[in-house]
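Take a look at the structure set out below.
To keep things simple, chains are lettered A, B, C, D and E as they appear, and every chain counts its residues starting from 1.
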Amino acid sequence: MADGATPVLDVRGLKTVFRTRGGEVHAVNSVSFHLNPGELLGVVGESGSGKSVTMMSLIGLLPSPPADVRAGTVMLGGRDLLKMSADDLRDVRGAKVGFVFQDPMTSLNPVFTVGNQIMEPLIRHMGLNKKQAQIRAAELLALVGIPDAAARLKSYPHQFSGGMRQRVMIAIALACDPDVLIADEPTTALDVTIQAQILELVKDLRQKLGMAIVWITHDLGVIAGIADRVMVMYGGQVVEQAPVRELFANPQHPYTRALLKTIPSLTGEREARLQVIEGQPPILSGAPTACPFRARCAYAFARCEVENPERRAIDGRAVGQGHDVACHWTAEVAHA
Amino acid sequence: MLDASPKPIPPLVQVRGLKMYFPIYTGLLRRHTGDVKAVDGVSFDIMPGETLGLVGESGCGKSTVGRALLRLYEITGGNVVINGTDIATLGPEALRKARPQMQMVFQDPQASLNPRMTLADIIGEPLDEHTDWNSDRKLARVYELMDAVGLNRRFANRFPHEFSGGQRQRIGIARALALNPRFIVCDEPIAALDVSIQAQVVNLLEDLQDKLGLTYLFISHDLSMVRHIADRVAVMYLGRIAELSPRDALYARPLHPYAEALLSAVPEPDPTLARARQRIILQGDVPSPANPPKGCNFCTRCPKAFDLCRRVKPELAEVEPGRFVACHLFSDTAAAGSTGASEAKERNQQGVTQ
Amino acid sequence: MTDISHIEKPRSQWADVWSQFKTHKGAVAGLTVFVTLILFVTIGPFIWTVDPTYINPNAAEMIRTRNKPPSWQFPLGTDQLGRDMLARMMKGGQVSIAVGLVAMAISILLGTLVGVMAGYFKRLDGPLMRLTDLFLALPLLPLLLVMVMLFRDPLARAMGPEAGTFLLIVFAIGVTSWMQAARIVRGDVLALKEREFVLAARSIGTPSRRMILRHILPNVVSPIMVSATLGIASAIITESALSFLGLGFPPDFPTWGRLLFDGVDYIQQYPERVMWPGIAISLTVLSVNYIGDGLRDALDPRIRGR
Amino acid sequence: MLTFTIRRLLMAIPTLLFISLVIFLLVDFAPGSPMSQIPLTVPPEVRLKIIEAMGANDPLFVRYLLWLKQFFWVEPLVLFDTLFGTSHAHGMQRIVSWQSRSPVMDIIWQRLPQTLSVVGSAYVIGVLIALPIGIYSAYRQYSWFDQLGTFIAMIGFSVPTFFTGVVLILVFSVNLGWFPSIYDTSLRVTDWESFLKQVKQMAMPVAVLALYNAAQISRYMRSSMLDNLAQDYVRTARAKGMAERVVVLKHVLRNSLIPVVTVIALGIPTIFGGAIITEQVFKVNGLGALLINAIHGSDLPMVQTLTFIFAVLIVMFNLIADVLYGMLDPRIRYD
Amino acid sequence: ERGADGNVKVLYSQAVSIMNAYLSSGTKDVEVGSLVLEPLAGFDNEGNVIPRLVTEIPSVENGGISEDLTTITWKLTPGLLWSDGTPVTAADAVFSYEYCTHPEGGCAQAARYEGIEKVEAVDELTVKITWTAPKPNPFTAFVGATSPILQAAQFANCLGTAAPTCTEQNFKPVGTGPFMVTDFKVNDVVELAANPNYRDAAKPAFATMTVKGGGDAAGAARAVMETGEFDYAWNTQINPELQSQMEAGGKGVFVSAFGTLVERIEMNLTNPSPDLPEGERSTAKHPHPFLSDIRVRQALSKAIDRNLLVEVGYGNAGRATCNLVPAPALYASPNTDCIEQDMEGAKALLDEAGWTVGANGIREKDGKPLKILYQTSVNAVRQDFQALVKGWWNELGVDVELKSIDGGVYFGGDPGSPDTFQKFYADVEMYANNFDGTDPEPYLAQYLCDKAPKPENGWQGENVNRFCDPAYDAMVAELATTRDMDKRGEIAIRLNEMLTKDSYVIVPLVDRGRLSAHSNTLGGVVLNTWDSELWNASDWFRIK
């Protein structure tokens, strides 16, 4: 987490476009971020803001066509994932980068046993034989907190509850001790008690395994509970980035502010009305020439219409290291 | 029920001993060998204009309660009186006639809209069913409804997939409002939406309640949202109500151990507080509703369970004014609560009048 | 928002479907070919006014015009009795396309009806599926013979021999070919029935009839479309088999299937005689297939507009 | 699963009895008589005698009950006798064909080998070609391979076998002389040479039928693959770093095969139905030819027995398809 | 030398279902059966009776036939053996008679034994048949492939109802013919081997014979003429052009011969209108509205160009004819007046009959259009004929509707079906018929008044036109008792003309020959239309 440490994952200027019949959709626009060893980076943002697409672009999981990763570098362990051959990339997936997908219900193959699915990457990447893989798979399943793990290896996904399936997904992602774990809204579909179980589990695992994690969610409560650093996305771009306490204490971007206000609190005063962000999410067709949030922004002014704001550090440290934001208003008006 | 006023207004919705079993058939002759006891004896009232929150773990029977209330399922037992008519026993045609006063907003806005119908068709469908208006008048009403839920009239020709999740949920709400219902079951209307859109939908529901005097059953597992919208909250566990309390009382001091665990599991959107929070993490999995444990449903996971819990099923009883709990921890305090008795009496009365 | 006048009224869905359909290259090509074929068989006879059953009564003349290769006088040649192949192809196409379309429609209608009923009403499922088994097991030929025996004369009397035969044939083909569609549709309906929007419609009080029409049917068009495309091909071929059994149109009445069948006898001497009907049938099937593809996409609002 | 199977089997009995009755009524009701193939030179009195001797004049229900008894009691006994050398069925009347005056079952047994070898191998080959084609065209949807596949499948579907068969004969038998145009059913495969001969004579009928089968099944395979390729678990498999081969041929294929296998299973009864036209074109004389001949000759016992066996197979394979579905897809439980 | 030429392969487009001609009269069964089972005497290709198992043909001159024509005595060749080595005796012949005339046996050839009072074995080798009445043509029983001799020993237990259960016997009969069955696959293939006990030690030249069945005429012709897989193909009725093209290939030849098969149009003399109540349609109750007028019938006949029909449909295997009985010469009328097409004459006849051309070119009378329903069975040639005839009749101003019916239904005689040729629910219909052997008497007797199919007799009967002329009936009776051959010929010719030239009730079109194909390497083939086509298979040999 220290500033000087080399990040395990460093993404620069990532651009992903979908070619569709109705024209191009610029889902990810010049997204840059990094992930330090052992760190948990929370990613929040409206639905459709490009969180999932960004992460899937990193390791080439988007189907092409229609997706096209146009530009950027993704450095992992000194190599650029985007320039790798398909075969090399396959060696990275699952081994160096683990991925937990948004929907636990459909992300497991229904016709293979859970054990089989956990063993696959073990055999592929770690060169274990079947026996060893089985033992290891049982360990992993136990690790994610499924009781009687060895016996449950023979179960099929549909025999597990949603929470258990999500834990199986996590076990698969963890199988080869990856350097980076990308978890895409792993708890959105689950109810609070199970979500709580998984959050506990992740905390535990981080302590035990020390891996770096990217955690996508739109539940700010979850972010507050587990993230070290937060990245806020809007309209295919990173609009703000800061350590977690800093972000909650001192949100800069109008979208972040609005977002934080929308959450009803469990404690404290009960508002008469919830805050909302009025207006529609932006349509991501064409390369952005203006701030994507301008139409819904209470502070928007002329410049927002003509220029897409750059990310800019506001605490003196380099962009990406401390607190930075992409907003003309914070840059010009609020700090003028 | 909340305030003991001298002349109590009758509740709009009265549910007594609602049971919904999904039968399990096995064997050579498809004999009926068991039931999924999705809802197993649930009773509550909802006052006109009130919002009752219904929370609980996934699979505990929340949706089933909601659907059984509207007779989308043929219920196994108990009765449901809405605005004076017993929904559970109506014939098909009478039921159809009764539909307009009770409507539902569904859990998954995408799934509950027919992908091949336009917005105007979807919102207009109830009108087609229950009115003989001409198309202009229907269209006018559709536009009116769209205005009411904040959908641009230009969207009338669009298909569901062309909307964002929040907008889709608005379509669902507009459809539910079309016939001026008095009572709406909102089955997790916000679960599938992101935060800012959740807020929009909740605000909309509240506005409509103010304007039209609606009564809601608000099903959710988002406890902070329930706190925001509900007047009273029922906590369900495995087909039964564990606790039914006024909102503030519940959030301030949950009585049932399950309610307590549930509340503690809600993530706190404040990093400082979040780290300091002590969560009660429940162990084990939810038992199968086909084979619920003997005694208290919650005894297998309850941190405070004792011997009695594994033997005797606790009944829902009023332990404090307006607070009902089904837990042996409180049984001595409210051995035979007055409300429990009155409930029983009411049930009898209904039995007579029917 | 009081001023609604400038807001367009809900548009007809078909305009949307059409505009989407137009963007599907294969579908447009298919439609073009299909329309051309239709024009060929309907408008064609008005331009090329030769009688398809005309045989020169003068024996010497007739002998000279038998089995002619394509020429200016006979653009597609003549058959063994000196009948003009072009005229026969046009006349035959009218029948074949009509039989193909109508028989397919009947079989799809029946299949969909049975499939939807079986899938939607639990009580009907068992009986209807057994019925499907029964129809699959029934020997087709006796069934057709019985139908012809029972209905040919009454129909012919009621509607005239040609219309009667047409009705009988399309009905016979339809009644014996719906089973596949029924099975597929049933499977889809079973899944659809569990979808939430069906429940939503129930909560509004939609009765079963409208539930099926409005919510179930539009969502099973895709498998129906596939069966329909395949159905046209088999209907055209089956028609020729029927006339071969004497169950079809009067024997001098050309249809593509029969021209193909008759042509096979002459395949060695005059291969073009099988080519014309063969190409026509294949073109019809292919074009319908592509139209079906396009229509399926166009009918699906989720794909539309993308 | 076992109870499910047994229950379905029990339920199949009344169904099949009903089907047999319907078939019987239908075949009996159909116009045409066993006399149609007797030359017109035979005078009517003699015809009447012949019909009486066949028993074709008995009341309908007597004939039906007799058939039931023969099918469900006598024929199994005969089978038992031949297997174990006993003679329980001695003196009992078997189901006898009106055309050839010989036991229907014997003829069916005689026909089975050629039908199974020709139509059966055409089915197997059709499936074997169809699967890879379907898989690849789905994997490369809208590629030229896929387009070509669609084109050929549609042509294969729309061109009738009486045409393709004759074309093959003209090309390969008449012009090239590679294959015989007439199937020799008495050929016994005893050595390499006769095996080669067998392969040669099967080549053309099998090709014709396989094309037709492949056209259909490849369509099913393709659409099933397309459905599954878009599923989330495919992405999971890729995210695990699995090779494309594994992703497609293990994860996707296994799921896609579930519906296709049932389609294939449901198609198997049609093998026993034979391929009427192809059998005729190549003179294979399998069950298809037997049935059509019997129908033309109004050979009621033969038609009834063949059709009923066919019905049994349909009901059985329906069940097998369901059971297979349950076995292949762990999510489906029948109890 | 017997067995020297190896295997010969014969293709029948209809497959053989049984070897016993008594249980099936299907031509294919009778013919292939004749390779094994033989009658006492047969017919040669000119229709003469030739001895097979007997020493000579009985006649009045040689005393074999009694003067009063009531008995005929056959003398078996001494020393004849069955293929199993046992001797052939007169008892076998007697048994064969009993077999076929058993009341419950359903013998398909019972007609061959009609009018027999008794058959007795005078001694081991002498068979004597006694007729109930004088029999001018005694060559029905035991003559020709349709009444062969069965081995009494083999079929002893197969009498009456047991007949169909004798599968083994019916499939592999013991016979006296040149071949015996080694393997029999129903409706598929018959494998035969030379009979070791055949009476001519040098024959047959082939050691084995394969008779394959199935397919169609074109395929059969192709297998002989183009691919050379088979040596002989039966009934290769294909279009004349294809015939010549195949023949040009040089692998084989088509052979044809003419018998008595005549393709004809039959006129319905009763009203088939569907408006009549069921049970009265096509019955004598209602005469045909216009076909009962001979001028109409004659006009229809005149409009037909029979030579063209032959050219289109049969080529060398057909010839135009105006007669119902085209052969043998003794019985064939010289009448040829219909051969020439006479369109003008036909029109004149219709004009004369009061049928005037109406507005749309269709003739009418009393406001009723002249509309004909013309039915036949499904068959490519017949459909071409229908089209051609329709063209000519249209030219006359007659509206024609064509109908084709599946052969199984058309010829099936199912009284429940409206589409049988006997019911004749049409104005005119077309089919071909012939007679067995050389004597047309029973054939001509088909047109007696009481042989008309009607509801009372379950629509059975051969007089499908419902022709009824007392003079005709009287003359048939006369024929039955006439012994003098020339006189018989005269009467037969009269009868034939009464049906055709005089009344146009039957409009003969084409005298259809048999057309078969054999490869150039097969020698000794002589086509015979009076008996089995394979009648001289014992003489076939391989041309090296």
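A few points about this structure:
What we mean here is this: a contact is a pair of C-beta atoms (placed from the backbone, for glycine too) under 8 Å apart; a residue touches a chain by one contact, two chains touch by 3 or more.
On a predicted model such as this, the values are computed, not experimentally measured, just so you know.
Within the contact network of the assembly, the step distance from chain B to chain E comes to 2. Counting C-beta pairs in contact, the chain pair with the largest number is D-E. Measuring from the averaged C-alpha position of chain A to that of chain E gives a distance of 90 Å. Inter-chain centre distance (chain C to chain E, centres taken as mean C-alpha positions): 44 Å.
Inter-chain spacing, taken between the CA centroids of chain B and chain D, is 55 Å. With centres set at the average Cα position, the gap from chain B to chain C is 51 Å.
Touching two or more other chains at once are residues 406-407, 409-410, 416-419 of chain E. Contact of a single residue of chain A with at least two other chains is seen at no position. Residues of chain D found to touch two or more other chains are 29, 31-32, 295. Those residues of chain A that touch chain B in the shared complex are 46-48, 147, 161-162, 164, 190-197, 199-200, 218-225, 227, 244-245, 248, 258-260, 262-267, 270-271, 273-277, 280-281.
Across the complex, chain A is touched by residues 57-59, 164-165, 193-200, 202-203, 206, 221-225, 227-228, 251, 261-275, 277, 279, 281-282, 284-286 of chain B. Those residues of chain C lying in contact with chain E across their complex are 53-57, 59, 62-63, 66-67, 80-81, 83, 145, 149, 153, 157, 161, 243-247, 250-253, 262, 265-266, 268-269. Looking at the complex, you find that chain C touches chain D at residues 130, 133-134, 136-139, 141-143, 145-146, 149, 226, 230, 233, 236-237, 240, 257, 260-261, 264, 267-268, 274, 278, 281-282, 284-286, 289.
The touching residues of chain D, when paired with chain E in their complex, are 29, 31-33, 35-54, 93, 96-97, 99-103, 106-107, 110-111, 169, 173-174, 177, 180-182, 184-186, 279-285, 289-290, 293, 295-298.
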